[in-house]
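You will see two complexes here that share chain A, one where it goes with chain B and one where it goes with chain C.
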Partner chain A sequence: MLNLIGNYSLILALITSFIILILTFKNFKSKSILNLSIFATISVQFFLICVSFITLLLAFINSDFSNLAVYNNSHTAKPLFYKISGTWGNHEGSLLLWLFVLSLFIVIFFFKSKKLLDSFRILTIFFQQLIILGFLLFIIFTSNPFQLIIPTPIEGLGLNPILQDPALAIHPPILYLGYVGSSIIFSSSLAALVCNYTNKDWANDLKKWTLISWIFLTIGILLGSIWAYYELGWGGFWFWDPVENVSLMPWFCLSALLHCTSVLEKRSNLQSWTVILALSTFILSMSGTFLVRSGILNSVHTFANDPERGIFVLIFLTVLIFIALIIYFKFNNIEKFSKSYLLSKETAIVINNWFMMYFLAVVLIGTVYPIFLEAITTEKISVGPPYFNQLIIPFLIPFLLIMSIGPKLDWIKNKKLEIKIIKIVLFFISILISYLIAKNFNTQVLYSTLLISSAIYLFFISIIDLKNKSLKISQKISHLSFSILIISIILNSLFSEEVSVNLKKGEEKKLSNYLLKFENISRSQIDNFTSLKAEIHVIQSDQKLKFFPELRLYKVPETITSEADIKTNLFSDNLVVVNYLKNTDYLNIRYQKKPFMLFIWLSAFMLAVGGFLGLRKNFK
Partner chain B sequence: MTKKLLKLFYFLFFLNLLFSYNVNAQNPQVDEIAKNLRCLICQGQSVYDSNSEFALSLKTLISQKLASGNSEEDIYNFLKSKYGEWIVYEPEINKYTLLLWLLPLFLFIFGGLLIKRKLLINRVKNEKYN
Partner chain C sequence: MYGKKVKLRFLFLSLILIVLILTTYLVLKSLEDNVVYFISPSDIKELGEINYNKKYRVGGMVKKNSVSMSTDQVNFVITDFKNEIKVKFSGVIPNLFAEDKGVVAEGFLQDRNFLNALKILAKHDENYIPPEVKEALEEK
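Entry: the complex of A and B
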């Protein structure tokens, strides 16, 4: 019964989608004011999509195994929380969530854009509806979440245990809010191009949506990263894995757009470039979905994939890009420059965009190149951390320095670059500190020194700027957090320590200056898995730490996951991960000391908070 | 100002060629090598991160090879000849991967030139107006 309701609401939503497209098209042609029946149909559509989403949610909560998606991804023994998160932990459900957010945003857009030009609003709704139509077709024809199985199975197959985790349960919806927010940016740019509306008002509106997507994307990436840190159990938090890269690409684009909209808002400049960035953001988000869903990428994160669905997304994507290109070249006649000066905030932002685009290019090329190379020459290569580190990190040095100068430049001409003695002193202090850090730690001194000093310099300058009343609080917080983020990441990678050893119960071993003891192991039955808890002691000179890392044996589906035991201090994380060695009674024990982890998470979170403050200010 | 900045960039770029990024660890050489190898039987894990039999045996192999006096270069070459380019995370520069390494840098330079041109055009315009 529920299945039928869900299914029919989707089909009705498809019909409303056509109606909205026709209505908006006519409304736009007649050049009259916004027809209120458009709003009525949007609301109806939103309601229908809500109904089908709630139906699926209920099917998951009630473990209704007559539904194929529930059967494939759920199990009665699963805790309620993961039954709920199971709704979007699979392909079909996650698409329905996409659709839900898409239609939610179109309603929000309607309410929040009342001050803007009518024809622009109508067209934005039109383009946004095209995207919704694409998703509806995709869901109904290739990945319907309401398929029935007859006869109804008694038990489901279970959710991949590695996904049964609080951070990962909310990670997809948040990331999707970011991705879907960029769809409004896309539609709104196309509409603005057609209506020749790429002006200050539009920039102001675009900025809000950019901020919303950017905040959610930042938090989404952060959550994914935290999850990878403690669940995958490798002690790392960023692996330059293709699926991570795919979420990073729209983030670079959005960050560039965020800065760029200010120029458009304040100086009516860079229209074309803003539009290009806005269009690329959504296209990158969509391509990301395509690459992940199609299973083209070889990645640890690829849990659900199906090549046939990839083809649909590819067609959809091509159509969107095609429309975007046609409209861009047909309507783009906005190349007019007002005065700009070499030494101005505008130039600083252009340089920011320049670097952002470079980082984007590195990530994009590094992710996509192996796929194309293999298709063309059958040569199989891997592009991993060494590639990204070598191409990105050196460029961070000038980037950070410019970031510390940029915000204080004036929009128009900077009369003279004020160089205060204190800043020069700070600059040298930064170099000195980083030289000491790099020297004490046996690493390439000159290179690390430059990198750390630029990060510390930005940190000092951002601290001083906190008192500067002419700057926006959102910008101050975000820049400060960014500098802390970079410093913590560098120090983390320089000072991480690790020892790894294979031990039996009762054994101990001394490695460098750590003594590792495997004290005990206990077995217990929790919820839907068996837990093996080991007790490991790590002794370093006078300090003794007890760890209880865990192995979880899941029955449905049969999997072992490893839960790290992490002791978080302000300045450093200590963690122990155990792994089961096949056909032996040995455990592989890995002790890691990861400095500044807390700072990494907090600063990334503060980065998003900065964005949120900016959003609040813009909505006032 | 721009010239100075450009000089700085060239200098930094040159530095990058001299020193590549380094993350240190306890048993530096084995770990260092293992981090740059893909665990072939895992999904997207490095040999260093993985505890699979393949990864463990590879780590032993690396330390043996190091002990018997092989250089890092030798080990990479040996593994590449055995398992193909797929196993290393840092693709070597050859005719297939030249673009991979150079394209981002070209784009960076291209972007810089574009910006420089735009700014210069604007300056000329502004001078006319003034």
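Entry: the complex of A and C
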């Protein structure tokens, strides 16, 4: 019954989608007035999509196994929280979530854009509706979440246990809010091009949407990272895995756009560039979804999936890109160039954009190259982390230095370059501190010194700037957090330590400075899994740490997951992960010391908070 | 003489060109150094020349009854049911590593029969077999 309601409301939503497209097109052609009938159909569509999303949610909560998606991804023994998150933990449900957010944003756009040009608003709704139409067709024809199985099975197949985690339960919706937010950026840019509306008002509106997507994308990436850190037990937070890269690429684009919109807003410059960035952001988000969903990416994160769906997304994507290109070249007649000088805030922002584009290009090539190579030569390769590290980290040095100078330059032309003694002193202090840190390492002292000092210098300057009244609070917080993030990441990678060993119960082994002891193991039954808790002692000189890492044995599906025992201090994380091998008495034990992890999480979070402050200010 | 604007344009364009060339060079150079090739045990036998200083990823199935463990290492055999290769590994074993399941090991080849693995790749899905392994399995 519920399934039918969900299914029919999707089909009805498809019909309203056509109605909205016709209505908006007619209205744009004739009088360019956004009338009530458009709003009414949008609301109806939103309501219908809400209904079908809620039906799916209920099907998951009630474990209604007559629904194929529920059967494939749920189980009665699963806790309620994961039943709910199971709704979007699978392909069909996650697409429905995309759709839900798409239509939610169209409603928000309607209310928040009342001050803008009517013809622009109508067109934005038109383009946004095209995207919604594409998704509706995709869902209804290739991945319907309301497919029935007859006869109804008694029990479901269960959700992949590795996904049963609080961080990962909210990770997809947040990430999607970021991706989908960029859809409004996309449609609004196309509309602005057609209406020749690429002016300050538009930039101001665009900035809000950019900020919204950027905030959600930042938090989404952060959550995914946190999950990988403690659930996968690899003891890292970023692996340059294709699936991670795919979320990072729109992030670079959005960050560039964020800076570039303020140039457009303040100086009416860089219109074309802003539009290009805005269009690419959404295209990157979409391609990301395509690559992850199609199974083309050879990633360790890849879950079993269906290549045919990929084809649909590919066609859809091509159509979108095609439309975007046609409109861009047909209507792009802006290019009034207001003058500015070399030493100005504009230049600094343009440089920021160049760096962002460089980082984007590196990540894009590293991610896509293996796919092309395989298509051409059938040789299978993977691009490892050293590629990214080599190409990105050295360029952080100039990037950070410019970041510490840029914000204080004036628009148009900087009056005079003030050189304060204190800044020079700080510069040398940063170099000194960095040298003291870097000299502990025999290799690459110069390189590390330069890298750390540029980050520390940005940190100092950002601290001083906190008192500077002429700068925006959002920018101050975000730049400061970024400097802390980079410093923490560098120190983390330099000072991390790890040892691993296989031990039987009662055995101990000394490795470098650490004595690892496998004391005990106990078994207990919890919820839907059996828990094996080991007691591991790690002794370093006089300090003794006790760890209780856990192995979880799930029955449906039959899987083992490791739960690391992490002891978090302000300055460092200590963690132990264990794993066991069938038919042996050995436990595979890894102890890691990870400095500054807390700082990495907090600073990444503060980065998003900075964005949020900017958003609040813009909405006032 | 050209106007100032044309000169500026020219400067700008040449700057873009230089940056593009530089980026391409850096990217290609770095790719060349850091690409890891994926091979099956049979590929190793057929490979004309093996670079012993380069990392490879070897994929296949963990042979039944081949896993043996000691305090500091794990030994096992990867097979594609035509050829096999011995693997030595010390470090962290992923959760889904088991006999008769798909595996991908990354490391340096010692000779054509022996891989010094530095990493065993984790997978998230108990039914998931790396596409390369699947193909290798289908071929047989």
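Assorted remarks:
Rule of thumb we're sticking to: the second predicted complex is superposed on the first by the 614 of 620 C-alpha atoms of A that agree within 3 Å, B and C clash if a C-alpha of one lies under 4 Å from a C-alpha of the other, contacts with A are read in each partner's own complex, and residues count from 1 in each chain.
Assume a contact is a pair of C-beta atoms (placed from the backbone, for glycine too) under 8 Å apart; a residue touches a chain by one contact, two chains touch by 3 or more.
Treat the numbers as computed from the prediction; the structure is a model and nothing was measured.
Superposition model on chain A: chain B and chain C are shown in a clashing arrangement.
Applying the stated contact rule after C-alpha superposition, one finds that A:512 touches chain B and leaves chain C untouched.
In the superposition on chain A, A:576 makes contact with neither chain B nor chain C.
With both structures placed on the common chain, the touch criterion links A:584 to chain C but leaves chain B unconnected.
By the touch criterion defined above, A:558 reaches chain C but does not reach chain B. Judged by the touch definition given at the top, the superposed model places A:343 against chain B, while chain C stays out of reach.
Within the superposed three-chain model, A:351 lies in touch with chain B and out of touch with chain C [touch as defined at top].
Contacts of A:38 after superposition on the shared chain: neither chain B nor chain C is touched. The partner that reaches more residues of chain A, of the two candidates chain B and chain C, is B. Once the two complexes are laid over each other on the shared chain, residue contacts for A:117 go to neither chain B nor chain C.
Using the contact criterion defined above for the overlaid structures, shared-chain residue A:485 touches neither chain B nor chain C, since it reaches no partner. Remark: of the candidate stretches 5-13, 23-31 or 113-121 in chain B, the one overlapping chain C after superposition on chain A is 113-121. Residues 234, 298, 300-302, 354, 358, 361-362, 365-366, 369, 379-384, 386-387, 390-391, 579, 581-582, 588 of chain A lie in contact with chain B in one complex and with chain C in the other. On the side of chain A, the complex with chain C involves touching residues 160, 162, 232-234, 295, 298, 300-304, 354, 358, 361-362, 365-366, 369, 379-384, 386-387, 390-391, 500-503, 507, 509, 557-562, 577, 579, 581-584, 586, 588, 590. Contacts from chain A toward chain B in the complex involve residues 234, 236, 239, 241-242, 298-302, 337, 339-343, 347, 350-351, 354, 357-358, 361-362, 365-366, 369, 373, 377, 379-387, 389-391, 393-395, 397-398, 441-444, 446-447, 450, 493-494, 496-499, 511-512, 579, 581-582, 588. Interface of chain C with chain A (complex): residues 19, 23, 26-27, 30-31, 33-39, 55, 57, 67, 69-74, 90-99, 121-128, 130-132. Partner chain A is touched in their complex by these residues of chain B: 1-2, 5, 8-9, 12-13, 15-16, 18-26, 31, 35-36, 38, 42-46, 49, 51, 53, 84-91, 96-97, 99-101, 103-105, 107-108, 111-112, 115, 118-119, 121-123, 125-126, 129.
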